[in-house]
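I have a structure here, written as structure tokens, and I will follow up with some questions on it.
Residue numbering begins at 1 within each chain, and the chains themselves are lettered A, B, C and D in the order written.
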């Protein structure tokens, strides 16, 4: 039997780690892109399989692709566990659980039926795209948008909360107004669903008011929804504008504060002239 | 019979007041959160009751929950009246009337039928959430958004007024164009309802134009609705931006620049210490 | 017969003019509000008349109201002609023609049938509301918004033009893709109508793609429409923000230029210190 | 046979070039507008032809118009090739290929059937409008908007990518939740199509959830779509505002303020003459 010296193994494992978990080396980049291709392929196969005419015609090809994907993911999962520095942490992490759940159904399917619905978990693997995005020129943009949204989250939550109370009140009102004559508004949850469909201006049309009073209330909800979309838009827009202003991130040579606006000449914390402005004014 | 000395009673009433009406003490906070839970439970029960299959199956459980809620709200209403400093003012206030109307139907239901429709009033109690919000870290955000919306209300009213005139004119026009051949546009109120559904981009599809002329007019309304949503958005966004900037309107005594950030201590243009920070750092 | 001295007549006519055409006197204000009430009443009557069950039941009441409105409008029209300084100009003006056309149908209806469709012209009289708005505290807001929209009109026209070309190309494409199998896309104008319904996110659902290719193209149009709404919004928002900044309108005492920004201390044209800033910095 | 001296020919060809390819001479402008009229006419004819009742009734008129347009386009195409400086480059350019493909179908139609679907290529010729726009006062606005959109494209691509992952995950989820009981969600591609229809607030209503769970997930998607439209709007708005401000980035040599308007001659903060204006007034 072949014997591998432990220090060689350790080195090999370290290398594996940098390929699988890091994205800033050429090999790591290639691995991530290869993985992305397999994930996209698995989502495509799941989509095609769900089309009954297709799945009947290409039953064998689908089976083969399914097991190819499962084997790929299984090997990747095994390597990830093997090479990760803290195995427990990886296995119990968000991505670790998704990685495990995305291979489980195929094996379970050998023994029991009805596991095809776990397909949705495989699509969750698409979230890895965000990690791979970090390789690209989109990294800054991603981080910028994520920060702008996070900073305005509190305000948006207040807004969503307001919308929730509104749709409950308006949904109840419409149940009272339309419920008797229009079986579409047969109960309050459906009426609230309708209110959300209306206030967000989606407007499926599966549930619509038929009484004049109901249509007048609807008109009010629509105008409300049309006008108050201004609120989240205003929140995020102002946040993006303010964030953009600060992008330069000059660091004060005296006190180290780095939160200066683009047109700042002196440090706002200690009054020292900022390094890159010394010669300009 | 038990006798309670009046000064003890007065003290007790005062304590009760601070629990029920104020939100800045631990007891007041707990009371408000408890109340919120009961309100949410009452809305949930009303929703479930409206689902006919559910209400038939769990008729007794619903009855019990109904009376539990009614008793809770009745006790709360009695305590509010008892402990409020100005009883008349509370009873006639917006919240006072809602509190009363939300318990009335259950008692009336003992004698007369058809009061189940008062359920909508109970959902109005959800508005109390806004009071409870004041406890939390969302308070500033709430106040900020409320102020921004209030400040832009005049402009938004002008805009809504413009929309109203537009939909009346366009609704009448569509009634003339489509009325003869399309029974969906059978009268002007329905046509105006359609115009609102269209201009707000809700687009149920319960009423749609079928003539070529009608579809061309619709296309104009849609493009109009799509483009002029920019107006309320612009109004609110600019208000939010100006409100945000105003928080930071310190004027430098040396160079007059007034565009400093909230945490600035020195002028970013000339490095002078800012007037209102002189004593603080 | 009564004889009125000409100078008295002239004075009376002048007074009449100020009541009917101007809005800044108490009498003029009262006249305008009275007129507004009659216009709103006429729109309400036209709406009710269009509801067939209503118009059959209250045939006589509607007839009476109809003639009451016609007489009011006729008298108003006669007085406007009589008192206006330049009669020809008034008669041929936009409002003059609407005023005339809004009374014509009733008189024509005595001799010929089918004039009920002129009802839409009466709703155009609602545009007078904008004149009456000028009386109120909304005047500034109206003017501000009108100016912001007018200033961004060029950019919005470019945008609308872009949308037009897009929907023609995409509509033709969908006609080719769906036309054979989906009778909803039976011709290009209908397909273009569908493209407008989709790109503006109205989405009636009266015409929907059924082929997979069609649904994929639709998805692209939707995402496009969803993303590019940002363009008119950005245009108007930036215009409102820039307009707001200049609102102060300080006039330079030296050169008379009045277009300064809110935070300006010196005149941007001649460098003189601005009058209201002399003491502040 | 007529003989034309080569230098005359060369001059003539040069003149032709300036008429056909350039837009800044009166003749070039006239040619472009004439061409635009023919293109619009060809799109109109293609639209009318697609309406079956119309195409049957006016079969001959359509045929004549078709060949008139084809001849016009053929002559134009020949002249373009003849006069262009670099013929190969023109023929292989985007516009060159469209120009060729827009005349091909008519000639092919003489020999084979089924070429009527190439009509969509003719509508692509409408893109020439953008070139003609450059003649007009809209040129600046076009360039400004194009630049603002291009600058925010990276951020918008990140956003669109986020939406894509979201609709795949949510579409798969809805397939699992609704697939069994609602044949509208019969496969994953359809479910993803539904998710896009919903998140962009288009809301056709051709596919709608019927289970309570499905409706709850839908409500979340709608609210998400309603709230995150703020993101592209914020991106473009901030870009437009920054672009607008940049036009005016003169820095005062005295106090360093750089927020001056385009027509400013003196610094608004300290009254010093602005550096790039020293020689102009």
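Rule of thumb we're sticking to: a contact is a pair of C-beta atoms (placed from the backbone, for glycine too) under 8 Å apart; a residue touches a chain by one contact, two chains touch by 3 or more.
These numbers were taken from a predicted model, which means no experiment stands behind them.
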Chains touching both chain A and chain D, listed by label: B, C
Same or different residue numbers at the chain B/chain C copy interface, by half rule: different
Interface copy of A-D among A-C, B-D or C-D, judged by whether over half of the contact pairs recur: C-D
Chain pair with the higher count of C-beta pairs in contact (A-B, A-C): A-B
Rounded Å distance between chain A and chain B, as computed from the means of their C-alpha atoms: 29
Chain A and chain C: spacing of chain centres that average the CA atoms, whole Å: 43
In chain A, residues with contacts to at least two other chains: 159, 189, 201-205, 225, 229, 233, 235, 237, 241, 263, 265
Touch-based graph of the chains, sorted into line, ring, star, complete or other: complete
Touching residues on chain C, where the partner in the complex is chain A: 201-205, 233, 237
Residues of chain C that touch chain B when the two form their complex: 43, 46-47, 50-52, 117, 119-120, 123-124, 126-127, 129-130, 133, 137-138, 141-142, 144-145, 148-149, 156, 159-160, 163, 189-190, 193, 196-197, 199-206, 225, 229, 232-237, 239-241, 244, 263, 265, 280-281
Parts of chain C lying in touch with chain D, wherever the complex brings them together: 154-155, 157-159, 161, 165, 168-169, 172-173, 175-176, 179, 186-189, 192, 198, 201-205, 208, 212, 215-216, 218-219, 222-223, 225-227, 229-231, 233-235, 237-238, 241-242, 259-261, 263-273
